[in-house]
Amino acid sequence: MTIATFADAGLVLLVLTIGASTIFARRAFDAVIAFVVYGLLLAIVWVRLSAIDVALTEAAIGGGMTGMLLLGAAARLRAVEFDSFAAALPVRLCAGFLCALAAAGLAGALLLSPKVVLSLAPAVMENLPRTGLGNPVAGVLFAYRALDTLLEKVVLLLALLGVWSLAPNQAWNGIPGLRIYDQPNTTLTFLAQILPPVGIVVGIYMCWVGANEPGGAFQGGTILAAMWLLVIIARLADAPSTGNTWLRIGLVFGPVVFLSVGLAGLVLANAFLAYPPGYAKPLIVAIEVALTISIAAALAMLAAGPPKPVQQQ
Amino acid sequence: MAFARDLFTVLALVAGALFFLAGTVGLIRFPDQLTRLHALTKVDNLGLGLVILGLLPQADGWFGAFKLVSVWLLVQFSGAVVTQLIAGALRERGPCA
Amino acid sequence: MSDATLFGLCGAALAGLGLYGLVTHPEPLRKILAFNLLGSGVFLVFGFVSRRAATAGVPGDPVPQAMVITAIVVAFAATALAIALVLRLLEQTGRATLSSDDPASATGEKGNS
Amino acid sequence: MDSFLFLIASFILTTVAGSLIVILRRPAEVDRIMAAQLLGTGGVAILLILATATETGPMVDVALMLALFAAFVSVAFVRDVSHPENTAQRR
């Protein structure tokens, strides 16, 4: 037990060091790499907190997708070498002091939190058998707080709409400006031919296992998105134009299925987003499958960025 | 039998951990980037390979063992290809890349 | 002090670090990074809240965990939108800084759209 | 057995942490990518050992995820290096 505590303390120290270097690194690129490392470390931290579902999401999104997105941005921004004009020392000291105060306040709230632990876990565990699911987190996401999950999908679509709206007028409905490899490269092509089939199997496995064990639509969808991006980057397939009908159907498929099941619940189970007794599990699995497709499409398109005018290529 | 199994695990894990140590020392000490890449791949194949070999007898059932081996194969494959990619980029663009 | 508390305190410190970066860095990309750091620190505090509720049979309260999963995905969407904005700013003006009183940053003339 | 597994996991964490801190101070970008790759592999090893020690099967899935995405980040890096206008600016 003591070894575990020591290891945890070391892990915390490492996370703090890497986290600090994302802030204090001199070049933006260094900060981005530190952030990728930080995301991978956080996945281990979440495992130590016994939150496997979160660890899966963090490893996929925090380390992988965000890292790729930020690396691309750092590479493009490198073209503008502006002198990093930092705030003056007194300002930094002052900001540092206030931020330390905020952190101390948060830490104090943690340490002085009431002895009586408020938890919704018993309520969730009590009602979980009625949904037929084995994973309490999936139960919360799709039954207990289904409205949050539905709205989150809408947020993803809104963000995508925002990204696409940044395209110049003539590029609307064009191909996303995702950076692809400069010229065909046999090694990368090989990777992009072998890895995606493996990734697709893992993604489907994640989605399928999510009902009973950690995993689910988010994690599965992220893997599928990453594999799609890999294929596009390796020049094995073109990114679809943002006006592509199939792409748009894929994007709204999940939320539409979710919403129609929710509306059907209004008739069949007397409440919005309620599932008729006995049908909860098949309905949730159907929603998860539909959402996996939509999440994959939305995340990949978010990472691909706004459409680009053709002549700039 | 259980003792032999545990002994095997201990030996393989210690050997794997030593390769992790060797790989990281190489990564720190080796003079140029291509040799450092070489040290990195040793961690991928031998370090992780021995760790997984040691964990296999403790795995729960055939499916658990299968998953462990497939994780190793995945790391092995993607590690090798990525190293190749980085080395290619280094050769094309020079050591400062 | 339990391990969960340790990670919770780590989260608080990370949130402070992120806030500092968000306030002091003039580069938008660094601000986005700092914002992500701030977010993940707050998520870790949620992790502490979840883990604290652990009882026999349940490793933690699933409600905060589900919220953190949702939050990670939303944070990614926000990051993607912010990066698209920064790159568009670069395209439009040839600069990628938010400070208005820094003429040195306008030297990299790249804007041509 | 369990405390031995924890010991090995801590040992791997320590070596990886040490090299991370050294490598992340190097100027060249490739070294930094190597650090991310090393942490990917080290993280996989740590998670697999922890999965066995705590008998939590799903942790193996986290290791799988880490393995998939560590490679993905390196691909993004190699892609960015492949663009000639980037190398011209490289210091």
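By letter and in written order, the chains are A, B, C and D; residue numbering begins at 1 in each of them.
We adopt the following convention: a residue touches a chain if its C-beta (ideal position, glycine included) is under 8 Å from a C-beta of that chain, and two chains touch if they have at least 3 such contacts.
Just so it is clear, the structure is predicted and the values come from calculations on it, not from any experiment.
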{"item": "Pair joined by the larger number of C-beta contacts - A-B, B-D", "value": "B-D"}
{"item": "Maximum centroid distance from chain C, chain identifier (CA atoms)", "value": "B"}
{"item": "CA centroid of chain B to CA centroid of chain C, Å", "value": "32"}
{"item": "Inter-chain centre distance, chain A versus chain B - centres from mean C-alpha coordinates, in Å", "value": "28"}
{"item": "Euclidean distance of C-alpha centroids - chain B vs chain D, Å", "value": "11"}
{"item": "Chain C and chain D: spacing of chain centres that average the CA atoms, whole Å", "value": "21"}
{"item": "Contacts with two or more other chains, residues of chain D listed in rising order", "value": "29, 33, 40, 57, 64, 68, 70-71, 75, 77-78, 82"}
{"item": "Residue numbers of chain A (touch at least two other chains)", "value": "4, 65, 74, 79, 81, 185, 188, 191, 195, 198"}
{"item": "Chain C residues counted as touching two or more neighbouring chains", "value": "none"}
{"item": "Chains touching one another, given as label pairs in label order", "value": "A-B, A-C, A-D, B-D"}
{"item": "Chain A-touching residues of chain D, taken from the complex the two chains share", "value": "3, 6-7, 9-10, 13-14, 17, 20-21, 24, 29, 32-33, 35-36, 39-40, 43, 46-47, 50, 56-59, 61-62, 64-66, 68-73, 75-80, 82-86, 89"}
{"item": "Complex contact set, residues of chain A against chain C", "value": "4-5, 8-9, 12, 15-16, 19-20, 22-23, 28, 31-32, 35, 38, 42, 45-46, 48-51, 53-54, 57-58, 61-62, 65-66, 69-70, 73-74, 76-77, 79-87, 91-92, 95-96, 99-100, 102-104, 106-107, 110-111, 113, 117-122, 124-125, 136-137, 139-141, 144-145, 148-149, 152, 155-156, 159-160, 162-163, 166, 168, 218, 295, 298-299, 302-303, 305-306, 309, 312"}
{"item": "Touch list for chain B against partner chain D, complex", "value": "6, 9-10, 13-14, 16-17, 20-21, 23-25, 27-28, 33, 36-37, 40, 43-44, 47-48, 51-52, 55, 58-60, 64, 67-68, 70-71, 74-75, 78-79, 81-83, 85-86, 88-90, 93-97"}
{"item": "Residues of chain A defined as touching chain D within the complex", "value": "3-4, 6-7, 10-11, 14, 17-18, 21, 29-30, 33-34, 36-37, 40-41, 43-44, 47, 52, 55-56, 59-60, 63-65, 67-68, 71-72, 74-75, 78-79, 81, 179-183, 185, 188, 191, 195, 198-199, 202, 206, 209, 213-215, 219, 223, 226, 229-230, 233-234"}
{"item": "Contacting residues of chain A [partner chain B, same complex]", "value": "185, 187-188, 190-191, 194-195, 198"}
